[in-house]
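Structures given as structure tokens follow.
Next, two complexes with subunit A in common: one pairs it with subunit B, the other with subunit C.
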Partner chain A sequence: MDFEVISSYIPKYIEAFWLTIRIGWIGIALSIVIGIFTAFVLHFKVPVLSAVSKVYVELFRNTPLLVQLFFIYFALPKIGISVKADTCGAVGLGLLGGSYMSEVFRSGLDGVAASQTESALALGLSKRQLFFYVIFPQALSLSVPGVVANVIFLLKETSVFSAISLMDLMFTAKDLIGLYYNTTEALFLLVVFYIIMLLPVSVLGSIIEKKLVVFGH
Partner chain B sequence: MGLEVLLKGNNFIRLLLGLSVALKISLVSVVISIVLGVVLGILMALKNPVITVVSRVYLEIVRIMPQMVLLFIVYFGSTKALLINLSAEAASIIVFSFWGTAEMADLVRGALGSIPVIQYESSMSLGLDKFQTYRYVIVPQIIRRMIPLSINLITRMIKTTSLVMMIGIVEVLKVGQQIIEANRKSSPNAAFGIFLVIFLMYFLACWPISMLSRYLEKKWEN
Partner chain C sequence: MEEILTVKNISKRYEDITVFQDLNLSVKKGEVVVIVGPSGCGKSTFLRCLNALEDIQDGEILLDGEVVNSGNKDLSKIREKIGMVFQSYDLFPHLTVLQNLMLAPTKVKKRDKKEVQKEALELLERVGLLSKKDNYPRQLSGGQKQRVAIVRALIMHPEILLLDEITAALDPEMVKEVLDVVLSLAKEGRTMLIVTHEMQFARAVSDRMIFIDGGKIVEEGAPKEFFENPKTERLKKFLQTFTYGD
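On to the complex of A and B.
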């Protein structure tokens, strides 16, 4: 391994790292919003919207992100909907993640015991209070482990962005290998930067999960 | 809309053949993953300190490394570091099995851990010997917990194999691109039709399997 090569590559990787992080977290934020919304709609069986959400969740859970991105990036412009590569990445990740988050939040909502609702009503809480003070906080804490797992999954999925020419970590590695043939150095940095990106999330996730078990009981 | 391209020549058949390439890779990887995963999962449940540490590191690597990165390391790295020339198919089967084994092992360990001690104690007090306890009490319960989750692994494997186009395997997405290129002049909108069809093909490959997994999970819940 040549350390001069490595140090000359680092700035390129840092740039790609921030791009990956930026699009990744926008996508994740979007997926949480979509997930919570569709979970509510599905849990409370809102007419029409729940049918739409159901189709959406099934479609996006059962297709790969790569295919979704190709569809958004290459197919939609043909019917007049053009999106830039970075928007496409964030939206694609948000849509994929939304379908996974939806399942997580829904099982969180389903997991709140019926006796909680009954007790709250018996204590004279209004519907609104029941939801915001009793159901929502419990559903949220039940969802945390699933959300953490999905965040890690989605950050890993960002590696697919290179397929639509976004200059992410994967793209940079591939580009450098193609230009200079320093395969070992390029792959080494790729691994290092993914560890920097994902290890803290993974460790933090485990800590939060442990804390929550205590809180839940 | 670009759908007419599909009816031209044997384009639709070519897409299906492309999909079958991806499905074949995922099927082989799933079989390897399930076998190795069950073995590793049982080893992990033994709580041997060395196995625990090694498997922990292995699971963490799989947990945080994108499959695409692993694919690149094995495909491009092996040529350089070990001076062997792996075919893209072999590289992808190695990577997906490496990933799937970790997932499977974690599921097996979880299922083994989820059987309450009272099951073992009750079996013993009923006079069952160790073999009978496992044969009639523990293993059937584990299998019920495992099957829906392993079926779920199959759909995840199928979705992940779409990545193999990135290391040059001609599968459904690559075939789609070729068809779009070849018909650039005659049907400029081919991209819409082709990618829509590929999207639906993947959906039709994975959805029934997901439904089966969910059905079994519900059925065997208690």
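On to the complex of A and C.
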């Protein structure tokens, strides 16, 4: 391995790293919002919206991200909706992630004991107070392990962004290999940067999970 | 004395099963009424109907003259006046002991936080759990959890307390610490309606005993009469199941 090559590649990877992080986290934030909303709608069986959510979840859970991105990036412009590549990446990731997050939050909501509802109602809490002070916080903490797993999964899924010509880590590596044939160095840096991106998430995730054990889950 | 709770001819049915039929009961201010009966006789369901956790098919429940009904818009206002403690404690696991106590008074009654906290600490001290105020429920024993649950109901200043087999899930050595708290509440004149299987406790705490079997009130009376001279065969038999030997 040639360390001079590596050090000359690093700035390119750093640039790609930030792009991946930026789009990745926007997508993940979006997925959490979508996930919580659809889980709420599904758990409380809100008419119409819950049927729409169900279709959405099944549609996006059962198609690959690559196909979804192609659809948003190449098919939508045909009907007059053109989307910039980075918006497309974030939205695609958000939609895919939303369908996974939805299942996690829904099982979190389902996991809160029914007796919690009763004891809260017996204290005179309104349905709204019951949800925000009793059900939701518990559902969230039950959801944490699943959310962390999904965040890691989604950050890894960003590697398909290269297919819609986003200069992410994967794209950078492929690009450099194509230009200079320094395959080993390029792939080595690719692994290193993915680990730099994901390891803190795993570590942070297990710290949060340990904290949650303290309050009952 | 004034009646706090009046139950008129209430019935509870699920599809084709009748849990109880035409039950009547009135509880006066300061009275402690204990309901006993075999498992599955409907006594817990009866208690749960009283704050509309279960709906009733016939009859009427009045608390302080107001109708308790799941269709009532002011249901949560009425529930504030009815404290309930459950067999499985049902503390909020994501909140500390102090937060468990403060949630309803501050959010439902919108009382001042400092004032509520002061009261919560006093009540915790009274039940011997002041040192646990910052612990989470899972760090407490069953008996401690149940004492917190009692305080959580008390701090809402309910007109009446409903205790639903509050010692049934406890290890024997923890039963007493919980029942002592209830006894002290009875002494200070709290109105309580208690469902329990602890006969000695029932006798010590009650002003009036009620025996429910097969969805009906079979016998009721003062505790001394009730335990020493049961009139009905069914109550005699029921009480015998709690004695050993002969």
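Observations
Rule of thumb we're sticking to: the second predicted complex is superposed on the first by the 216 of 217 C-alpha atoms of A that agree within 3 Å, B and C clash if a C-alpha of one lies under 4 Å from a C-alpha of the other, contacts with A are read in each partner's own complex, and residues count from 1 in each chain.
The working rule: a residue touches a chain if its C-beta (ideal position, glycine included) is under 8 Å from a C-beta of that chain, and two chains touch if they have at least 3 such contacts.
As the structure is a computational prediction, the values presented were derived from the model and not from experiment.
When both complexes are overlaid on chain A, the residue A:Ile10 reaches neither subunit B nor subunit C.
After overlaying the two complexes on the shared chain, residue contacts for A:Leu123 are found with subunit C alone; subunit B is out of touch. Of the two partner chains placed by superposition, A:Val52 touches none, neither subunit B nor subunit C. If you count the residues of subunit A touched by subunit B and by subunit C, you find the higher number for B. Using the contact criterion defined above for the overlaid structures, shared-chain residue A:Val134 touches subunit C, although it does not reach subunit B.
When the two complexes are overlaid on their common chain A, residue A:Val67 makes contact with subunit B while staying clear of subunit C. Within the superposed three-chain model, A:Lys156 lies in touch with subunit B and out of touch with subunit C [touch as defined at top]. In the superposition on chain A, A:Leu190 contacts subunit B only, with no contact to subunit C. Of the two partner chains, subunit C is the only one that A:Ser115 touches; subunit B does not reach it.
Counting contacts by the rule stated earlier, no residue of subunit A appears in both its interface with subunit B and its interface with subunit C. Interface residues of subunit C, counted against subunit A in their complex, comprise 51, 53, 76-77, 79-80, 82-84, 86, 88, 90-95, 103-104, 107-109, 136-138, 149, 152-153, 156.
Across the interface of their complex, subunit B is touched by residues 58-59, 61-68, 70-71, 74-79, 152, 156-160, 162-163, 170, 173-174, 177, 183-184, 187, 190-191, 194-195, 198-199, 202 of subunit A. In the complex of the two chains, the subunit A residues touching subunit C come out as 113, 115-116, 118-126, 129, 133-134, 137-138, 141, 214-217. On subunit B, the positions that touch subunit A within their shared complex are 1-2, 60, 63-69, 72-73, 76-77, 79-81, 155, 159-160, 162-163, 165-166, 173, 176, 180, 188-189, 191-192, 194-196, 198-199, 202-203, 206-207, 210.
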